[in-house]
Amino acid sequence: QPLELVTSIKPLALIAREITAEDDQVVTLLPPGVSPHAYNLRMSDRRLLDDADLLLWVGPELETFLRKPLQSQAQKLLTLSELAGLEWPEAGASHDHDHDHHHHGDGADMHLWLNPRNAVVVARALGERLAELRPANAVDYRRRVEAFAAQIDLLDAELENMLSKVKDQGFAVYHDGYRHFVDHFGLNQVDFVSLTPEQTPGARHLYHLQQHLGAEAVCLFTEPYADTRAARDLAHKLDLRSAELDPLAANERANTYAELLMRLGQSFSACLAASKGG
Amino acid sequence: MPEFLLLALAAGLGVALIAGPLGCFAVWRRMAYFGDTMAHSALLGVTFGLILEVNLNAAVAVGCLLLALALVALQRSRQLATDTLLGILSHSTLALGLVAISVISPGRINLMGYLFGDILATTGADVITIWLVAAFVMAALIWLWKPLLAITVHEDLARVEGVHVSAVRTALMLLMALVIAIAMKVVGVLLITALLIIPAAAARRLSHTPEQMAVTASAIGASSVIGGLAASFIWDWPAGPAIVLAAAAGFVLSLALSTLRR
Amino acid sequence: MPEFLLLALAAGLGVALIAGPLGCFAVWRRMAYFGDTMAHSALLGVTFGLILEVNLNAAVAVGCLLLALALVALQRSRQLATDTLLGILSHSTLALGLVAISVISPGRINLMGYLFGDILATTGADVITIWLVAAFVMAALIWLWKPLLAITVHEDLARVEGVHVSAVRTALMLLMALVIAIAMKVVGVLLITALLIIPAAAARRLSHTPEQMAVTASAIGASSVIGGLAASFIWDWPAGPAIVLAAAAGFVLSLALSTLRR
Amino acid sequence: MIPDTAELLVQAQHLSVERGGRTLLDSADLAVHAGEIVTLIGPNGAGKTTLVRTILQLMQHNRGKLYRKPGLRIGYMPQKLHIDPSLPLTVERFLTLGGATKAQAHKALERTGAEHLLKQPLQSLSGGETQRVLLARALLQQPELLVLDEPVQGVDVAGQAALYALINELRHELGCGVLLISHDLHLVMANTDTVVCLNGHVCCQGHPSQVTADPAYLELFGHRAEAQIALYTHHHDHAHDQCGEIDPEHSHHA
Amino acid sequence: MIPDTAELLVQAQHLSVERGGRTLLDSADLAVHAGEIVTLIGPNGAGKTTLVRTILQLMQHNRGKLYRKPGLRIGYMPQKLHIDPSLPLTVERFLTLGGATKAQAHKALERTGAEHLLKQPLQSLSGGETQRVLLARALLQQPELLVLDEPVQGVDVAGQAALYALINELRHELGCGVLLISHDLHLVMANTDTVVCLNGHVCCQGHPSQVTADPAYLELFGHRAEAQIALYTHHHDHAHDQCGEIDPEHSHHA
């Protein structure tokens, strides 16, 4: 009997699909970018939660709007942020000014799937849960986890190789959600425009960006989810390159986890490398 | 019928029932935007709750309470209409909340998610809470009905006839704040604010006495809950908005009915 | 001073200037929540714009226009107060928008992003647009000032004295809708709705005539913009909320002032 | 009663108004010419305000015809006025709203005996003061037709007579028609050209001397009215012939 | 004027009220006992409504002392009433709001001559009808003190006398004190025990016969008042002795 697996966001579904069996269903609940303020469950969403065998989400800090709907499903929940063995970026490591950025905990960067090591941790945990649910397929699941881990090792190396050339190039991101990737590959993130997409930056911070970004950075990355006109403007004004990052794989083109990460890496290296000459 | 639908129905009906009479007062006393204002002050409450590291529910409750009291105080001078006062409070508390968040930067937490429920996510415990609150508020409303109505008809007449106007007014605010605060967490802020005013407005044209209007509003609200959930079931619409649309349809229907009767 | 701050200042002052007199009408006519309602109907406009694949700005404009006309139509029967009508329209359009989105499911599009601006992201073109609109609306307000005031004081008197009440009322709604729609995209919805009512409310206690109140409201609004941007620069607060807080401080100050004068 | 040459300002023919299933006004006829004072009298709920508001097109009529001289300038004084306290409005600003200058406003207030109220907020006025200000505002319209719904309601003893005198003065000064509603039979009869006695329908209509003799009138107002008129007659001709006619039946409650 | 045994209901001593830098009421004294009718007269803006609202504690006084019998039940009829149209309210429901039964409400309406209005929306009433309903509501309170601010304002000719008679009747029936504001000197003088003549301060005070002879009274109301009183005197004693005293000076505007 096939499993029904529901994930909160697409990247988790991409990882899950690497582990599950052919007939297992993997469904993503929310399209990325839907404002949680205005999000209301549909009957089908609700039924999905009820019927699912396993629910995968990062945790209440990221998908806050799912906190309540998932409350009654505690026993089939797999909360990724609680997993042991995850790599967390060091708080405020690449930051140079006076903000009181928070320590690990409620202020941590929750985009944990952007670190390939973490993806493996997630895959292992998922594999174990699936094995528990379908003991008959346990061997199969574990085999897939190992295959995934191996694939990620290769990917990791390839990305490492690709990004090592641009390690010293400074850049800024639109919202501070790439720490897992940046720290893992040792990139040089100089600053961010806003802490979360919902929070607009203050005038002081914008001024600060204008003051030092021109000298320290070569590229400013925007996102497809928010109105980033301001960021692009800023990039233009400071003569920075600007490129788009898509950490949620909103783009239909990314069909596997590897592809998601690869595209991210390519965006970084293309923008950072190209601007080296100019 | 799936269990979550039963729970949603139970919660929705409970909210609609108590929102009927309370919503009438909101319409009569021009407090249509009390719910929105409450949501914003709740946000402020959450923010301060995070800063002071106290229980968030308690912080929300305190925020809502303070808002209700601030409104009562501001209403003393009759120079500004209630909707203006609500607007001021609403925007000020929201702005304060946003500034506070950015200063303490609890980081990447989406505060809204703490505040707003979804009717399809109702749990059994929610239903019990809702019905307990509804029963309590209903009892209080029945007990206070006469003075409440008296101060709504004419405050001076009520005061002369021995009604403690400001006590009764404060009580009404607190009852309304209580219902909104609870319902917001269970069925979401859009649904509770809409269930307060749309059924009451629809009932206006069909009623000749305040009591009729209150009962009709409850009935329209309850029908909207049922109709909306059905629509959500049939066409797979999001449940909250579907209920609001059903109520809006009720309002349009009442317009048509009263035009016909002319 | 960095250029973006200059642009923000220019845009903010333009909005504050025109929001002064318009906000007074919002306060007098109990339309404090017109801005919020507009934002929701704009959302509906975007949704239908996406469905019908027409230009989104045009769709938003049409949505806002329809809203203003619906309000004028509903106001004809005087049984329901304007704030109730605004609440009904606001929640209904929001619900309709949410249902429509879920049906067509444009997925990854963040509708809010289409609608709401940030004052710190103002461009030169934005500033020009704002000032052009402000100049046009100001001219229209001056031209229509007498009839506008007449219908606000007493509609029957105005009608008898030959004012085309519904034409003037519709014109006011459309002017207000225009300013809100433009300002929403540039400075954000929180800022424009707050700049409409908070300065006007603060000006109420300091004025003896409508004209005084309009001018005072503009002045308070302009000071709030300057003060808010300064606060944003000094303490790194988000600019929009900082301006709203400055306006709220102005309101509290006006309360204190008028209490002292008694 | 008035010269045939006087221009017709408004005319209602067979005007009927229904609301909430009730007939408020049943086929009423009324005409006001320039320079004429027409007074509407009738018991409470007779439809006087309804008729006037229909003529002013503030209410829709269900049947009948309404003529208004094109471009007619009207000064109107409603029976009640409620102004939102959120609007800061001094009496002076209220009066200059219609386009009058401050000097004109001041002069109009003087005529209605309320010049000391110039700078006061409109919403803080007493009942009688509000009436005076409303009348001043109606004057300032330079009206061709003055429509006054119980203008001296709540006005003090001295003011009542003075205001009626003022209205009469204005009629000559501006040459305007006046449509008046009043319960003060004794004060209005003196200046009125035409009295229209309303009670849902028009009971009787004509010159005061005709109307007061009409059986329909006597039925509606009876001897109490007569008693009031007696006073007016005293003033007017100093003949005491009606003093003795007062019906003793009515003195029981005095 | 009234027996010493009558209970004191309210008493104001040296009451002063200031608003917006103006003294509206300057050291006013007033007392109402059970069974007594006290009438406040005075020109517009004299502070009559202000005094009454201060006694009812609807306004704060700035100086002076105010005594109210503890637990005093009051029936109040304000000078103006504005009720939001969003509230569906029939006359019947309005009357039963204070706790009266439908039968009582019906009876009270009958007494004020408005029984046909029972089922009508309160907001659709005419001016005079509203006054009658407000009076009915005040009666239903079973008041110990009845406070009426120009109760017959806008009431028709027949109604005015009838309502004053009713007020007099109630005083005996309920044994309540009545505090009345009125401009209808001729109608109220007959039933009043004490007249208080107000013009910012209390000019004179006492039994009607005393007050009408007071120089302060004559200065305020002059001969016009006398003319009005004449009518009342006619009713009362059918003596014509005052008819001839009317000042011809005042007939110019009649």
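The chains carry the letters A, B, C, D and E, assigned in the order they are written, with residues numbered from 1 in each.
Please note the rule applied: a contact is a pair of C-beta atoms (placed from the backbone, for glycine too) under 8 Å apart; a residue touches a chain by one contact, two chains touch by 3 or more.
Keep in mind it's a predicted model, so treat the numbers as computed, not measured.
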Set of chains adjacent to subunit B and to subunit E: C, D
Most widely separated chain from subunit E, with each centre as the mean of CA atoms: A
Centre-of-Cα separation between subunit C and subunit A, whole angstrom: 38
Where subunit A and subunit E are represented by their mean Cα positions, the distance between them in whole Å: 78
Where subunit C and subunit D are represented by their mean Cα positions, the distance between them in whole Å: 43
Two or more partner chains touched - positions in subunit B: 27, 79-81, 84, 98, 102, 190, 204, 236-238, 240-241
Residues of subunit E whose C-beta touches two or more other chains: 84, 86, 121
Contacts with 2+ other chains: residues of subunit A: 37, 40, 42, 199, 202
Chain-chain contacts as defined at top: A-B, A-C, B-C, B-D, B-E, C-D, C-E, D-E
Residues on subunit A engaged by subunit C in the complex (per definition of touch): 31-35, 37-38, 40, 42, 199-207, 210, 224-227, 229-230, 233-234, 237, 248, 250
Subunit C residues within the subunit A interface of the complex: 2-5, 8, 43, 94, 98, 102, 105, 107-114, 116-118, 120-121, 123, 229, 232-240, 242
Sites on subunit B touched by subunit D in the complex: 78-81, 84
Subunit D to subunit C touching residues, read off their complex: 53, 56-58, 73-74, 76, 78, 81, 83-84, 86-90, 93-94, 97-99, 119, 121, 137, 141, 147
Residues of subunit B touching subunit C in the complex: 27, 30-33, 36, 79-88, 91-92, 94-96, 98-99, 102-103, 190, 193-194, 197-198, 200-201, 204-205, 235-238, 240-242, 244-245, 248, 251
